[in-house]
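First chain A sits with chain B, and in the next complex the same chain sits with chain C.
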Partner chain A sequence: MFDFAIAGIQAPLFLLILTGFTVGIVGGFIGVGGGYMVTPALIVFGFPGYMASGIDMTHIAGKGVVSTIRHRQLGNIDWVLGLAMIGGTMLGVEQGVRLLTWTKELGLSGIVLLTASVVIMLVLFVYTQIETAQAHKKMTKMAQEGEKVGRELTVSKGPAFFQRIPLFPIVRCRTAKIVVSMWVIVVVGIVTGILAGFLGVGGGFIRVPALIYIVGASTHIAVGTDLLEIAVSGGYGALRHSMMGNVDMIAVLFMIVGAMFGAQFGSIATAYVRGPAIRYILSYSLVLACVGAFLRLIYMMTGQKYEILSFFAVVFTLGEMLFLCLFIISLVYFSVRYTNGKNVPDWVPALVVAKK
Partner chain B sequence: MKWFINSMIGYWILLLAISLGAAAVVYEVWLRGNI
Partner chain C sequence: MAEVSRGKGAIKFFFWLAVGVGLFYYAFHTYYNGQMISWYYYKTKADGYAVNADVLKGYSKEKPALLQIGPFEKIEGLQAVPVKKGDRLPINANGVITAVQVKKGERATLENDKLKVMVPMRIREAKGFKYKDTFMHKEVQTNPWSGVWNVLLILAIGFALGLTAEGFTDMMGYKLEKIEHFEGAH
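Up next, the complex of A and B:
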């Protein structure tokens, strides 16, 4: 146990580093900050709620920079797309925070927040899971028929619809290879920003699906570009939280020690897989976070009487990070095996790239 | 055991069981007193 003087608690040091490492891998892979996993985990470790948010946001800023640099080297960042979204997101977050303050004044914020989290994550999980399973099936069929299978395939009709909206100015996002109205990008940023500001999260788990299914970016570009966004918004959030005294920098430093390595691995791992693999991991993270939030909601609504619910909520929160990390490492392992011509399960070839 | 590796759903269940088991151990050994 380590004595965190600023937070005024003792917490297990290796768990902090391990959390930074596992969420770094997940965040670098699916393009999220991981706040919806880390903040509850830090509360479980003993940090007060306001400090858990501050530590999480500050470590996300550092991890976001590491991931952005790596994704830039992999060619996964579209600067036009990223900078246009940042503007919209900043506006949206401000409105989302005001909405949260209003629900707090009505005395409803805890239950409303958790219910909104559960509903949003469930809807995103269902859509992402169904679309990805259809894309996976199509890629498997193409591979069996001897057709060339590219790195990305989506079956969603959303991008075709939104890219046809003729509102001036129309921007050409060269890296993402899309041509779309700037207003589509800005409005997506505003709406996802409102949701993020209201839920008190970075919003990556909302923005990445929005970039894929509305704007039409490929999964890899959506992940890299969103991490750029997270580095910027995380930096601003870290500054604000520090000014309010919500940050224990020693805790942040230990988390970043783990996150530095995790984020590198997670970012590089995207080069070993196709788009549907990343979307699968994103959908799993949503459903597990949804289950954890649902258990906490039931625990709160039953007046915190049933300790077993709290136990399961904690185990799900910690187990989710480990599960996602293990799945990502497995995908890289299977990709290496597949490249070397060794046996892999039948569901693997359509999800991984044979790296020469 | 083969089904847990050869089927995607089976692999999902296997990894989830390992992860939740490890999380339960971590909770019992290091975190129980904090809640």
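Up next, the complex of A and C:
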């Protein structure tokens, strides 16, 4: 146990570092900050709720930089796309926070927030899961027919539609190989920013699917570019939280030690897999977080009488981090086996690459 | 990607590791010498009494704490310093018992020149994971420049750790090539 003088509590040091490590793996792999997993964990460790958010946001800023450096090396960042989104995202986040304050004044914010979380995550899960399953099936068929299967395949019609919008100025994103109106990128940033600001999260789990299914970036580029975004928006969020007195920097520093190692593994793991594998992990993280949010919603709507619901919500959220880490590690393991010509399950070759 | 030079990787690794360790050392030094804490517990947001809330642990209605009131520059133990909204908090102060709370009399009352406190620093509800923040954090204003310091520090540490990791993989000869996003059919 470590004595955190700013937060005024004692908390388990090892668990803080472990949380940073596991969320680092997941975040580096699917391009999210992981706030919806970390904040409940910090509350369980003993941090007051408002500090849990602030500590999480600040550590996300640092972790975002660590992951961005690695993803840059892997060629997963489109700087034009990332920088174009940042302005829209920051504007959106501000509006989202104001919307949250308005619902707070109406006395509705807790239930409205959780309901919005559940609905958004459920919709994203359903769409991502269906699309990814179809893409996976198509890739498996291509592999069986002897075609060379690429790193990425999506069956969504969204990008083709949005890329045809002829609003000036048109932006050429060289790394992502897309040509799209700047307004599409900015509006995506604003809308995802509003949702993120309202829900009090970094927004990666909304932005990554938006980059894939609306803007048309490949999954790997969506992940890397979003982590760049998170480093900037996380820094801004960290500044606001710090000024409001919501940050214990020592807790952040311990988390970043774990996050450094986790983010490295998660980021490098993307080199071992194809796009649909990342989208599967993203969809599972959404559905598990959705279940956790749903349990909390029921708990609140029943007047906070049944503590068992709150308990299971926390167990789900913490268990989710470990489950996703194990899944990511298993994908890397299968990729290595596949590369060495060893037996792997039938569903694996379409999801992993044989790394030379 | 060009063949990685292990020598250059080693230089990169050790240089950025030194920078990262230096930044951590600086951060912990700022914490342990009390500066970080004094930036956090900077000013009061309300009229009342500045206290060191840590000393209130274990006290209760049955066994209240009696704090000596006075204009102490540094709070040591059971002492309380009268403050007005916007005043700097004295050294070691990490909580404010507001004048409103004292007037209500449920948590603290005045007894001559002493402040009688009947609740601990923080109440944690028996069920669930909720806190009732009694005296810490609520009426405390953080130095806004500490926010800038926090952000610059965490971004610098992220940068140093990221490049340390990059140097490490280069030093170990682990070849990380740019991903071919558009090879094959897609």
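For this structure, a couple of remarks:
Here is the rule we use: the second predicted complex is superposed on the first by the 356 of 356 C-alpha atoms of A that agree within 3 Å, B and C clash if a C-alpha of one lies under 4 Å from a C-alpha of the other, contacts with A are read in each partner's own complex, and residues count from 1 in each chain.
Simple rule for what comes next: contacts are C-beta pairs under 8 Å (C-beta built on N, C-alpha and C of every residue); 3 or more make two chains touch, one makes a residue touch a chain.
All figures in this text were calculated on a predicted structure; none of them were measured in a lab.
Within the superposed three-chain model, A:6 lies in touch with chain C and out of touch with chain B [touch as defined at top].
By the touch criterion stated above, A:183 is placed in contact with neither chain B nor chain C.
By the touch criterion defined above, A:314 reaches both chain B and chain C.
Comparing chain B with chain C, the partner in contact with more residues of chain A is C. Looking at the shared chain after the overlay, A:48 reaches chain C, while chain B stays out of its contact range. In the superposition on chain A, contact of A:238 is made with chain C only, not with chain B. In the superposition on chain A, contact is made by A:76 with chain C only, not with chain B. Residues 44, 310, 314 of chain A are contacted both by chain B in one complex and by chain C in the other.
Every residue of chain C that touches chain A in the complex is listed here, in rising order: 24, 27-28, 31, 36-37, 40, 53-54, 94, 121-122, 127-131, 133, 136-137, 140-142, 144, 146-148, 150-151, 153-155, 157-159, 161-166, 169, 176-186. Residues 5-8, 11-12, 15-16, 18-20, 22-24, 26-27, 30-31, 34-35 of chain B are the ones that touch chain A when the two sit in their complex.
Interface residues of chain A facing chain C in the complex, by the touch rule stated above, are 5-6, 8-9, 43-44, 48-51, 58-59, 61-70, 73-76, 142, 147-153, 175, 177, 218, 220-221, 231, 235, 238-245, 247, 249-250, 252-253, 256, 260, 264, 268, 270-271, 304, 307, 310, 314. Taken together, the chain A residues at the contact with chain B in this complex read 11-12, 15, 44-46, 284, 310-311, 314-320, 322-323, 326-327, 330, 345-347.
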